[in-house]
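Shared chain: subunit A. Partners: subunit B in the first complex, subunit C in the second.
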Partner chain A sequence: MNPFNRYLKTIWQIFKKDIRVEWRGRQGIPVMLVFALLIVFLFNFALQLSPDLQAELAAGLLWVALAFASTLGLNRSIASERENNALDGLLLAPVDRSAIFFGKSLSNFVFTFLVALILLPVFSVFYNQNMLNLRLIFIILLGLGSYTSLGTLLAVLSIQTRARDVLLPVLLFPLALPILIAAVESSRLVLGSHPVSDYQSWLFLLIAGNILFIGVGLLFFETILEE
Partner chain B sequence: MINKPKLLTVFDILTALTLLGALALILFWTPVEITMGPVQKVFYFHVSAAWAGMLAFVAAGAAGAGYLITRKLHWDWVSLSAVEVGLVFGLIAILSGMIWAQPIWNTWWVWEPRLTTTAIMELIYLAYFILRSSLETPEKRARLSAVFAIISVITVPLTFFSIRLFRTIHPVVIAPGGGDSAFSMTPCMLRAFLISLGVFTILLVDLFWHRYRLAKLNYKNQTGEN
Partner chain C sequence: MSERFPSEPFSIEISNLVKHYHHQNVLDHLQLTIKRGDLCVLVGDNGAGKTTLLRILASLIRPDQGEIRLINNTENENSSYRGKIGYLGHQSMFYNDLTAAENLRHYAELYQIPNAQEAAEASIQSVELTGFKDNLVRTFSRGMQQRLSIARALLHHPSILLFDEPYTGLDQKAANFLDAQLRNLHQPDKIILVAAHRPQRMLSFATHIAWLQKGKISHHIPIDQISDFPDLEDYLRGTV
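Entry: the complex of A and B
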């Protein structure tokens, strides 16, 4: 088997393992989903939204809900590797460590993306507008891609500290802010049926975020985990 | 015990004198701006503080890279000292900006690109301290903080760019010209401004030097080395 295929296979194996864990334990996606819905309700009461304001704010609320909820999933995904020293086992495996990063990022990304897909019809009902929009889904893909790759890296970083998973949101939110701004703005413009030229600079920013944070993950994942 | 280096004492005096000199220059020598009045004079130290803070954060990121390459703990002290001093300068920039904004924009706070970026930068580096405080072994603390300092310094321009884009697409309610484009500077103002920048850079180096010595002494104290 050539090295590239072996690398891909490593990523796939880690991804498959995470899916199996999720399928048997169901500790990630349901928790994220319920939490995201709770945020929607909290915001509704906290902000006293009038119906026309709601439509305008739906994109922002979707991203806030996703950003908050995904920290739970990210923490869970990394914390579960610490139980029974599973992480040590992973690190002992004779594979490239960046493949581990990719595998974990991939599963985090897929789980969060699934939560987003389930949220879209719910938001459509709550905010009385069709949010099952292919362009919006594409933006969610880009936004969550960079958000979860940075999130995976920082979750691994925060799990190493004494504060453990409490630290993740504090580290992640300010650093991920440009991604969230770009995601919220482009989603809002898509939902307002604006032409692509209105939000293409946001899309470029999201693509740049993906390249940057995946690169950062590749560069630092091993440094963070060395003992 | 390490004695305070003579050069540092000299540098302290130099810093104090130039700071007083710049203050006198701004108060008595620069003209009062016609539309804004005396409050415009905040601008000299405001921009200088923001500049010094920026410089410190870039230095912290560079020192982080220095640590990861060499694995020498003194790079960690450099990084820590730079972040701490940078945080203070960032805070000075924000507070002085608010003092200026209250009469000019008629509000203490505007969600304007530079202001917002500076505030987020402060939050990022506050997180840096929370991260540090929950790590005990010096090597591990140095390693993880270095990674965080580097990622931070990479994302700050991205944040600035995104907020700027955010505001240029949006209609602008209050002209976010900021200090330098809202009025044109006379040569005299420009000179005082450049001097302030220089003076704050000296102040930055001086404070940084003190903080670095403190970090070093602290380490020696804890490990019992001489």
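Entry: the complex of A and C
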């Protein structure tokens, strides 16, 4: 098998393992979903927004729900590697260690994206917005791609510290702020039926975020893993 | 294992290994050479650095200085080195929500073992856990997890075996099982290094003993020469 296929196969094997662990334990997606739905309900009933304000705030609330739910998922994902030191098992394998980063990032991304897909119709009902919009879904793909790749990197970094349970959000939220702002702004403009030219700079920022965080993961994941 | 004997390391040579933790020298210019066919017991007090040494050898942590060389082979900076290592650590490295067979299959796939499913099942059979292969690992006792860990460490037929305190938490039956496994594994083409806080039970079948003190290997001698070193003999007597 050529090295590139081998690399892809390793990513797939780690992704497959994460799916199986999630299917058995059901501790990631359900928790993320319940948490995200709670945010939707709480804000809806607490704020009692007028329809105009709902339209303005829906994008921001969607990303608050996704960011917090994703962080929960990242914590859970890395907890399964911490349990019994399973991460060492991955590190011992004769594979390129950056493939572990991509495998873990992929599973974190897919889990969060699934939560987003379930969340969108609920948002549509509560905030009187058509959230099942392909452009919005594309922005969610871009936003979650960079958020979960950065999150995976930081989750692995935090696993090696004593303050591991609180360190992830403390590191992740400030570093992901530009991505979240870009995601909120572009989502808001999409929901307001603005033309692409109005939000293309935000899209470029999201694309740059994906390239940056995937690149950083590729270059530094192994260094982070080796204490 | 098609690439067995000629490419297997003749010896593992550790030179000038240094590792600090929190400004404390855990390993201090440590030197050690272990030859193919050796079963070496690494002894030392708690905190002497046995685990650190084994984790560096397994390429789980990076030393601050020094190098590890496989004679007849390359350094430990690449993934092919890791493919030669079988490491048994303090924890099982298994996913509690997967079955024994699923866990081993996952590792077999990562090690590119052909017919991963069959290899996993054969490995489970070798540690006499066939009846439990479809049970979740979270339901396993410490002894069963340790047996399964041995199966994991040997799944890819490694030529260098690093076992860190493998007897910890095992009852007499499980410890006897581990003795038998180590005796079977002691082959001319393998290098075995076992860190043990209480090494007495291994002295009957190990070939060498290495004593780690103050970050250095103070003694590295064949087992039958222990009586020539009264300080080591006293130390071993104290570990009973």
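Operating definition for what follows: the second predicted complex is superposed on the first by the 221 of 227 C-alpha atoms of A that agree within 3 Å, B and C clash if a C-alpha of one lies under 4 Å from a C-alpha of the other, contacts with A are read in each partner's own complex, and residues count from 1 in each chain.
Throughout what follows, contacts are C-beta pairs under 8 Å (C-beta built on N, C-alpha and C of every residue); 3 or more make two chains touch, one makes a residue touch a chain.
In this text the structure is predicted, and so the values were computed from the model without any measurement.
Peer 1: For A:37, decide between first (touching subunit B), second (touching subunit C), both and neither.
Peer 2: Neither subunit B nor subunit C is touched by A:37.
Peer 1: According to the stated criteria, A:226 is in contact with first (subunit B), second (subunit C), both, or neither; which is it?
Peer 2: In the superposition, A:226 contacts both subunit B and subunit C.
Peer 1: Could you look at A:6 and tell me whether it touches subunit B, subunit C, both or neither (first, second, both, neither)?
Peer 2: Only subunit C; A:6 stays clear of subunit B.
Peer 1: Answer with first, second, both or neither: which of subunit B and subunit C does A:171 touch in the superposed model?
Peer 2: Only subunit B is touched by A:171; subunit C is not.
Peer 1: Is A:95 contacted by the first partner subunit B, the second partner subunit C, both or neither?
Peer 2: A:95 contacts subunit C only, not subunit B.
Peer 1: After the superposition on A, what does A:118 contact: first (subunit B), second (subunit C), both or neither?
Peer 2: A:118 sits against neither subunit B nor subunit C.
Peer 1: Pick out the shared contact residues on subunit A: the ones touching subunit B in one complex and subunit C in the other.
Peer 2: 226
Peer 1: For subunit C, which residues are in contact with subunit A within the complex?
Peer 2: Contacts found on subunit C: 58-62, 79-83, 85, 87, 89-98, 102, 106-107, 109-112, 136-137, 152.
Peer 1: So in the complex, which bits of subunit B are touching subunit A?
Peer 2: Residue positions touching the partner: 68, 120, 123-124, 127, 130-131, 134-136, 140, 143-144, 147-148, 150-152, 154-155, 158-159, 161-163, 165-166, 169.
Peer 1: Okay, in this complex, where on subunit A does subunit C touch?
Peer 2: 1, 6, 10, 13, 17, 20-21, 24-25, 80, 83-86, 88-96, 226-227
Peer 1: Can you list the residues on subunit A that touch subunit B in the complex?
Peer 2: Listed in rising order, the residues of subunit A that touch subunit B are 150, 153, 157-158, 160-163, 167, 170-171, 174-175, 177-178, 181-182, 185, 198, 201-202, 205, 208-209, 212, 216, 220, 223-224, 226.
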